[in-house]
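Have a look at the structure below before the remarks.
Chains here go by letter, A, B, C and D, matching the order in which they are written, and residues are numbered from 1 within each.
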Amino acid sequence: MTEMTESVPGWLAPDELESVRDRMPILYVDAVPVRVDDKGVVTHVGLLLRIGSDGTVSRALVSGRVLHHERVRDALVRHLEKDLGPVALPRVPLSPQPFTIAEYFPTPGVTPYHDPRQHAVSLAYIVPVAGDCRPRQDALDLIWFTPEEAASPSVQQEMTGGQDVLLRQALAHVGRLP
Amino acid sequence: MTEMTESVPGWLAPDELESVRDRMPILYVDAVPVRVDDKGVVTHVGLLLRIGSDGTVSRALVSGRVLHHERVRDALVRHLEKDLGPVALPRVPLSPQPFTIAEYFPTPGVTPYHDPRQHAVSLAYIVPVAGDCRPRQDALDLIWFTPEEAASPSVQQEMTGGQDVLLRQALAHVGRLP
Amino acid sequence: MTEMTESVPGWLAPDELESVRDRMPILYVDAVPVRVDDKGVVTHVGLLLRIGSDGTVSRALVSGRVLHHERVRDALVRHLEKDLGPVALPRVPLSPQPFTIAEYFPTPGVTPYHDPRQHAVSLAYIVPVAGDCRPRQDALDLIWFTPEEAASPSVQQEMTGGQDVLLRQALAHVGRLP
Amino acid sequence: MTEMTESVPGWLAPDELESVRDRMPILYVDAVPVRVDDKGVVTHVGLLLRIGSDGTVSRALVSGRVLHHERVRDALVRHLEKDLGPVALPRVPLSPQPFTIAEYFPTPGVTPYHDPRQHAVSLAYIVPVAGDCRPRQDALDLIWFTPEEAASPSVQQEMTGGQDVLLRQALAHVGRLP
């Protein structure tokens, strides 16, 4: 999950966020970007490619905090634009109901999801993107995988914090679990 | 719900359908056409306007049978194109999970849904349409209503067979129930 | 929504909660207690009865914060036991997917939900309770209503913060919207 | 999927069913029996054990047709009682919304689901059973598996018609996909 660095007035400054993080669950959104055919069948899943300071490759979903006085669907659009660029043309789901929630615990093993920094509860959505994706910020690239590729061990093991499980849950929800 | 009149080889001829109708549930799809804003908020619901042989006005969802060897998402597209025309550009849901099912019974009162002709079980989906809608077949027009208008008594009482309930269920699902 | 007053070590003390409340969304759960028949049909909805300091009567869903390092399903059980007593025997949903989310904004009108104290995002679940309910804390009583009664204007207008809408969304989800 | 042999008046006789089967989709329900802990976490999945006439072992979900003038929830109870015995105490889901639909096509490869006899569209539900299960009819036994065991290759390959996929979709829906 992406570290946030906003310091907009009215929002939590980084140091304040730090002091809250060990006291209460932080609300996140996770978005699974997908390409669909003209019948709504998911043909590809988009994963962000990141390279750690130690050179390790990881693949990630679009993810980030919901801010104070921000609607969940506005947070989704903000994070999708931040990670996929301004012309990705994401189609935010009509229903506010997430397909699942991911409870990232600082302690591994409580749930399938883990975030060493904090207890984050993420609302997870599947989002078709119709436009061009131009990753920004700390992502090197966005790679499109078929459902079979995305669920394969080689891709799954490059995902961290349980996002491999979350991705397969998304595939199951759209009827594309291999 | 629209009467089907297909006689394509391999499908049920009208007289065969008649003989089956009182013997087993018939699989249908119901589609609620909607307009959405760029954040995915439903702004309008589309209802077909029909005038009965006795002059009564009724408003209806897009609805019809699923045929043999037809995927549910193909049935959705076929009925949407049949009722809204070829350039409506419907966005079929990614997930095969309907937001609810509507069990139309020939006997009133068993469920909120009623179809005097048959026992039909309908998979109900909410479908954004982005293009121009040009109603065809027996529909006179497609009228767009705000959620408030669509849930108002004057519109609700022009819907039949329990589709007024189904429409409000759709509004509830997208967080737009007035 | 119920005010929390925990001061368990590791959790937010009331004054800390106060300082966070205007800075980030607070994660809540809402539970709609229901009675069901042996086929799973919802026959009654349970609403807490509260009397304000000014004597006004209000009716409420079971509601409360999710604490740090607490699973959502544990928070559900905790709040249900707190409000309904120890022998209510709630059946927590199998799926972590809420039937909807309610975004309570401190500013009225952004969403249908409003909480003057804070921006709270609530995961909403429908929970069958099979045992005896003995309201505790600040609730005077728990009253069971049929779906028709629960959706009636007289009951709906006694609910606050948009919980009237949330209740009708719950009824829609289980196919019991009048 | 279990072959039905009812000949109750008003329902389809076996020979009539045969003649309809190649003409229209047949409505089914699939039920995934589960055991849950007191927080609603799925701990075990129940699979029926069947031995074919050629001695092959297969494992199956509870499955069967919806009859004319039968509610989906009544069909669920009927098939659960038929396959698990009269004291299984199934808790039928409150919402009529299935967690997914399975489209069994007579032609392999159209969807992940296959039924050589017919085009069946199945509404799939996850059903906690709290009582004793005593398999009847053509099932030898009901075996309880942990989610990890149920998703393992050795169990998955003993399931037919795509029910291995459907089972993993159920596990994904309840947050228990290994």
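Assume contacts are C-beta pairs under 8 Å (C-beta built on N, C-alpha and C of every residue); 3 or more make two chains touch, one makes a residue touch a chain.
This structure is a prediction, so every number in the text was calculated from the model and none was measured.
Novice: Applying the document's contact definition, name the chain pair with more C-beta pairs in contact, A-B or A-C.
Specialist: The greater number of contacts lies at A-C.
Novice: Rounded to the nearest 5 degrees, how far is subunit B rotated relative to subunit C when their C-alpha atoms are superposed?
Specialist: In short, 180 degrees.
Novice: Just the number, please: Cα centre separation of subunit A and subunit B in whole Å.
Specialist: 34
Novice: Just how far, in Å, is the C-alpha centre of subunit C from the one of subunit A?
Specialist: Centres of subunit A and subunit C (C-alpha means) sit 28 Å apart.
Novice: Can you list the residues of subunit A that touch 2 or more other chains?
Specialist: Those would be 71, 95-97, 99-100, 111, 173, 175.
Novice: Which residues of subunit B touch subunit C in the complex?
Specialist: 100, 111-112, 165, 168-169, 172-173, 175, 177
Novice: Which of the residues in subunit D end up touching subunit B in this complex?
Specialist: Listed in rising order, the residues of subunit D that touch subunit B are 10-12, 16-17, 20, 22-27, 65-72, 95-101, 103, 105-107, 110-111, 119, 121, 123.
Novice: How about subunit A: which of its residues touch subunit B in the complex?
Specialist: Touching subunit B: residues 34, 36, 38-42, 71, 73-74, 77, 91-97, 99, 126, 128, 173-175 of subunit A.
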